[in-house]
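Here you go, one structure.
Order as written gives the chain letters A, B, C and D; numbering starts at 1 within each chain.
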Amino acid sequence: MTAVLQLLLVVLTAPLLLGVITRTKAIVAGRRGQPLLQAYYDLGKLLRKETVLSSTTTWVFLAGPAVAVVVPLLASLLLPLAGPRAPLAFTGDLILFVYLFALSRFFTTAAALDTGSAFEGMGVAREITFAALAEPALFFGLLALARISGSLSLSQLLTVDGTSWHKASAALVLIIASWFIVLLAENSRVPFDDPNTHLELTMIHEVMVLDHSGPAFGLILYGSALKLFVFSALIADVALPRTGNPLIDAAATLGAVLVIGVVIGLVESSMARLRLVRVPQLLIAASLVAGFAVVLVLR
Amino acid sequence: MPPIADSILILLLLTNFFILGTANLRSAIRGVALQGLLLGVLPFFVESQATVRLVLLVIATAAIKGVVIPGLLMKALRDVHIRHEVEPYLGFVPTLFLCAAGTALALLFADHLPLAAADRTGLFVPASLATLFSGFLGLTTRRKAISQVTGYLVLENGIYVFGLLLYQSMIVEVGVLLDLLVGIFVMGIVLNHIQREFSSLDTERLSHLRE
Amino acid sequence: MSAILVIVGVALCMASGLPSLVTRRASVVTTVLIVAGGVTGLIGAVLGLTWGTAGLSLPWHIPGGALAIRVDALSAFFLAPVFLLAGAGGLYADRYWPAARMRAGYVRAFFGLMAGALALVMCAANTILFLAAWEVVAVSSFFLIATEHEQAESRSAAWIYITASHVATLALFAIVVLLHGVTHTWAFVPLAAGTGAIPVGQALLCLAFIAFGIKAGLMPFHIWLPGAHAAAPSHVSAVMSGVGIKMGVYGLVRLLSLFDAVPSAFGTTLLLAGIASSILGVAFAIAQHDLKRLLAYHSIENIGIIVTGLGIGVVAQTHGQPLLAVLGYAGALLHVWNHGLFKALLFLSAGAAIHSAHTREIDRMGGLARRMPWTAAAFLIGAVAITGLPPLNGFVSEWLLYVAGFTSITGSPHGGPALILVLVVPALALTGALALACFVKAFGTVFLGAPRSEAASDASEVPATMRAATVPLILGCAAIGLLPALFGPLLSRAVHAAAPRLPMPATFTALLQPIQDSALVIAGIAIAAVLTLLAVTRRAATALTWDCGYAEPTSRMQYTASSTARGVVGLFGWAMRPVIHAPRPFTLFPSAAAFESHVPDTVLDRALLPALRGARWVLGFARYFQHGRMQLYLLYLGVTLVALLAWSAR
Amino acid sequence: MAVSLIIVPLIGALAAFLLPSDRQRPWIVAIVAVLHLALAAAVIANGEAGLASEWLRFDALGRLVLLIVSTLFCICALYCIGYLRLRAERPNRIFCTALLFFLAMTSLVAFAQHLTILWVAMEATTLATAVLLYFNQNQRSLEATWKYLMIGSVGIALALLGTLFLAYGARLGIGEPTLLFRDLVKGAAHLPAPWVRTAFVFLLVGYGTKMGLAPLHTWKPDAYGEAPGVVGALLAGGMTTCAFLALLRVYRIADAAGQGVFARQLLVVFGLLSMATAAAFMVGQRDFKRLLAYSSVEHMGILVLGIGIGGAGIFAALLHTVNNALTKGVLFLAAGNIHRAFKSKRLEDVTGALRRLPISAGLFLAGFFAITGSPPFGPFVSELSVLTAAMDRHRYVVAALYLILLAVIFIGMGSTVLAVVQGVPPEDAEGRSFRESAFKTVPIIVSLALVVMMGVWIPGWILTLLHAAARLLGGS
């Protein structure tokens, strides 16, 4: 029951998040902006288009989009979005959660290299470098949470209740801050990347998908929406207390995720892209913040 | 009787100094010959009754050590037309000092060796050690192959002196064997070859094999 | 039973090369023999792992020696991959190094010898036999590395290898003799209680760290490894890297199993050394241009992971956290299997690529996936596995170590000593991410995109036997990845043999079940998704999709491996000190210029070799003592005499 | 019958001297060698009762040394056939005569029970080997011979003096200046300590010079470097073994006289010093025959080190004597082939031997691994046993130094050996003439086979012989 509810929640409302972000940015910039559901329209359009494949590519080129969609869905099953317990929960699932995204990164980057175009290569180089820096931050946060909750399963890990807020509020705040930076990096938002520009030299994620078209490209778009949603949900889970009622919890999650979307929008409209050389520094800072959280809980 | 033996041994030591001190190869060889003769007569004063063996030993020693080998050396010296200077690595004076020091050490060392009552007074042990040592000096400080041979002969004489202490057992003769080795081998043949190959007996020429 | 099978397998492997030495035409016999040996031994190992300990002993006419083997769970656990890889490698070699090629008999003979001796090391019950087999492996691998000794590169690789390995052997001499000193027997028997606390025990542990560290290629003892694995024929590299360096791990585990209590400090040392070599190993790997050197540095990384696991085990055991210890040992041991499988798979497929593209330079390959799809798929599977991604085997062992790390933070009290194990988590995270970067680069540059050289574009798929050799490895990777729960019991037996005094928590095997379920789910859905997408776009138009404004995009415009790696290399510049040669064009019409960069091995090229040169210079002064003048030589005689007389007169 | 072990070679020597033909003479050597080996086998088989005189007798030690020398000589003699055929331009009358004389004298050393006979025999070997060294008759070999003779004679002279001292000690202690081992050992308790100590020092320096213990080894590199490979083998495997036997005899007396501790101290010092010297000179050695000379110095060091450690070390040392002799045979003969083929022994000219002389170079490489103590070769066992002995006697520092020096030596020796065998041979027509005939390779292969045998399956009777010899020296 919760599983179905949760899947529906993710599958249906993920693109909405993109809409919220763009709308927020538009409002801040004083424009009317696209309709909230623009992302859905784009997906529909792309799925109807035909695919053109580069002559150098192999099946790996298509494996990228496929995995990019499958992985966030699977990952979302590990999160308790509706109700206290995730559909897929066991000791050590938090590691699986992180490694699923690694899997998708492997295939999306491989797919990008499959085209043999210089720009994809550039994107891949950046993606893999920055991911290597983001990973420790994620794990530090998980370590701190594990210490707080004394459990190795995301379901207990993320259902943070008042006592632990009261016990280790500082650590939790640090974790949320650090993970928010990771979220921005992983989903290639400003200040790490600018999804709107199509100037190759400034791009990380966009530049890797230049050669995709039609349904494949649609899947990529949808996959990145899912990924963004799952990450936001992760952070939301840390912040939110749980009632135990699936519907209420689901609603709460959605609300929180959308709020995060608004925040992302505000960030994007309030600051510019970093120079690429500065990106690693910011990510390392995120790792340090999370590491400091670990130190706090171990104290 | 020991007094005479001792005085001969003293002479022996003096010849050591002479051999190390002289600047002329010829006289060095003469010194060796003299030592040979001295050693030749020495047995008479060690062993009282004159047996055939004694006589033979005396004759053999005197002949080989005193005549044959020095003769061979002289011949070699004549054959190879080299200058008759000794040409030491280490100057004469320091050599003599070292020789003196060695003799003193020999005396010291000999004292800590227990001796049979008969030999306790005698100079045999220190004399032989001292001669050994001066032989070493000759070997290590001289440049010409011939003068090294003389050094070796002196070293042997030292051993021979000690051998006389064991006159009863037949070991002394073994010392003479050693002479045959050197006499015939080292000089007779090898010097010859060296002379032929290098047209010189300067051991400087014999230092190509090295690291 | 198992012991007999194992010894038969050993004998078959060792003898397999001899026919080829006699005549070229017998190379088929060799292949049959070694495959048969591999299968027999594998069966024996599996029996030993399932049925329990078996032994076998024959007399041996040398002092202290006995031809005694003992197949307990630990030995069997290490034997299994040895025989598997021996068989696969032998099969692969049949066409990879055809009988017509130069030194075919030589390669076959030494390969069989090495494989057999390797198996013997893993099951020897007599320390002198262990030592002998150990050294036979070392020497025969030396000859294999030096196969193409006409090239200076393989000469120096072989030389560095044999030197390092001999130092290890001498340390092992000391270990064996010390063991004999404390146990008064030449067999592996448990040491008296408290040996770990007394000097002899500590000496043993230090020597073990050196000997086994060198053999396993643990940083900073890894100097010999990259060159050696690059120079050897690929199937040899597969065995050397897949199981050869495990000799060190086996020795370490075997020795630790004899102690009743190992000092915690030793565990911490293992932990830190392991972490260091895992992170730096992968960092150096990213910087390599040579496909086999790249894989070699990954061996350093994986050995690091294994040793980290052992470190966890030791530390946790001394601080009385059985579950944690078991997780550590189990992760380490399982990773021994996994690394054996996927590293061999990678070397064999890399060998196939090199075989067809006639180069080891990554930047001269490219686009091979279209020309040799099977090899590409095999390499991809290996890459996914070694990166530790679900749903393949690498993930399972790394997952165990992660769980250990997390358990240490949830399970230990405030300021508990085991908290140092927390370091494992970020270390593994960084290692994993970097490994991913490295293999995306390697796979992408070698197999994807457009060919970067004539040879690469003319490449064609390798013969069937070479492909067949990879099948068992692929199956192994998949089996452990998808059905880990199946291997749980075997694993716990091996762990029990590795740490006999460790109480085995019942919860352990249960841990693996959910992993198995989720792995199956992931595999199912992912494959389904890929297939559907392929079906959807089956008749898609193909064109030159994006030429980025260039009318004529050439393959040289592709992103090179070096530039892909540049970011990471930059991050680790402090440790790697890359040598970059970048001429700056400053005139108005700059002449043609070439950019090049390479990363020397810091420990070897910047520390060890200069030190050795210095030592040699110092020893050079000894020459003055042997400079030709006989007078001087006689003086030595005299001086010695006088000195000794003085001594005697004391 | 045992005396025939000396008579037969002497007769052979005479025959070789009288025979006019240079082509047939080597066959005499070979035949005599085989005959000698057969006789030796017979003698060893029926033990003590070969000939039981006061002065000449076969105790276990003697039998062991006889076995080593006779085997090695047989191998070398067979090799000589091929070698002398290659050097047909040289008259070999003196050479062959000296070879057989050498054999006779070494046999004499093996069963001399009287210090003087022992000394005379050692002396005689010096002469014989001097002749052998000078086979090439050029300036370099002459210099080598000269140095060898001079240093050797001084050493032998000192040994004589030591012998005399011992005799004098006997005269004081026992009453009559006997030099029979049996009497000396029996009455050792009464020998005055100063004389024993002094005598031991002189004998150690004397016979140590013949063995080539550092710093008395200085003649070795020159001699081994300039001598033909076969002579090198005989020196490094045969003569040094005899000198070692002499030293052992003396050690036995000193030990019985209660000076064991003192003697062992000296031996340990000499052993480590020799290994260290060898190590220092092997690193960066450009001449592979001199390299072998230093390797010989190293292994003489290991031998005396084993004795110096005592206990199980004595057995280990004796075992290593066998292994060292056989392995040195392999190394020197193979090196000789390489030297002949490349007409040089310097690394500058010699590379890629494996390409030009697959068999000889392979054997050379195998010999290298053998001598550095890799299984399945004999030295692995004996070098490990030495280490074991050191640890059992709690000589941890000695053991550590031993291991470190072994490591350095491996590095030094390996870099040279590998440079010789690996790589691409220089393209010069000269030396192409050399062919690896059966006579030049089979003996080496046999020798290597024996080394392997000593490493994988030591025959029982050799073990018993070794144990008997060790017990003779008060070892276990």
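Observations
The rule is simple: contacts are C-beta pairs under 8 Å (C-beta built on N, C-alpha and C of every residue); 3 or more make two chains touch, one makes a residue touch a chain.
Just so it is clear, the structure is predicted and the values come from calculations on it, not from any experiment.
In this assembly, B is the chain whose CA centroid lies farthest from the centroid of chain C. More C-beta pairs touch across the A-C interface than across any other pair of chains. Averaged C-alpha coordinates give centres for chain A and chain D that are 78 Å from one another.
Centre-to-centre spacing of chain C and chain D amounts to 43 Å, using the average Cα coordinate of each chain.
One simple way to say how far apart two chains are is to compare their mean CA positions; for chain A and chain C this gives 36 Å.
Centroids built from CA atoms put chain D at 31 Å from chain B.
Contact of a single residue of chain B with at least two other chains is seen at positions 112, 139, 148, 206-209, 211. Chain D has residues 146-147, 150, 154, 194, 198, 221, 281 in contact with two or more other chains.
In chain A, no residue reaches two or more other chains under the touch definition.
You'll find the chains touch as A-C, B-C, B-D, C-D.
Those residues of chain A lying in contact with chain C across their complex are 50-60, 62-63, 65-67, 69-70, 74, 88, 90-96, 98-100, 102-103, 105-106, 109-110, 112-122, 124-126, 128-129, 131-133, 135-136, 138-140, 142-143, 146-147, 150-152, 200, 210-211, 213-216, 219, 280, 291, 294, 298.
Listed in rising order, the residues of chain D touching chain C in the complex are 146-147, 150-151, 154-155, 158, 194, 197-198, 200-202, 204-205, 209, 215-216, 218-219, 221, 262, 266, 277, 280-281, 283-284, 315, 319, 352, 354-355, 369, 372, 374-376, 380-381, 384-385, 387-388, 391-392, 399, 403, 406-407, 410-411, 414-415, 418, 422-424, 455-460, 463.
The touching residues of chain D, when paired with chain B in their complex, are 116, 119-120, 123, 126-127, 130, 134, 138-140, 142-147, 149-150, 153-154, 156-157, 160-161, 163-165, 167-168, 171-172, 176-179, 192, 194-195, 198, 221-222, 225-226, 281, 290.
Listing the residues of chain C that touch chain D in their complex gives 60-65, 128, 131-132, 135-136, 138-139, 146, 149-150, 152, 155, 158-159, 162-163, 166-167, 169-171, 173-174, 176-178, 180-181, 615-616, 619-620, 622-623, 625-626, 630, 632-634, 636-637, 640-641, 644-645, 647-649. Only residues 622-623, 626-632, 634-635, 637-638, 645, 649 of chain C touch chain B when the two sit together in their complex.
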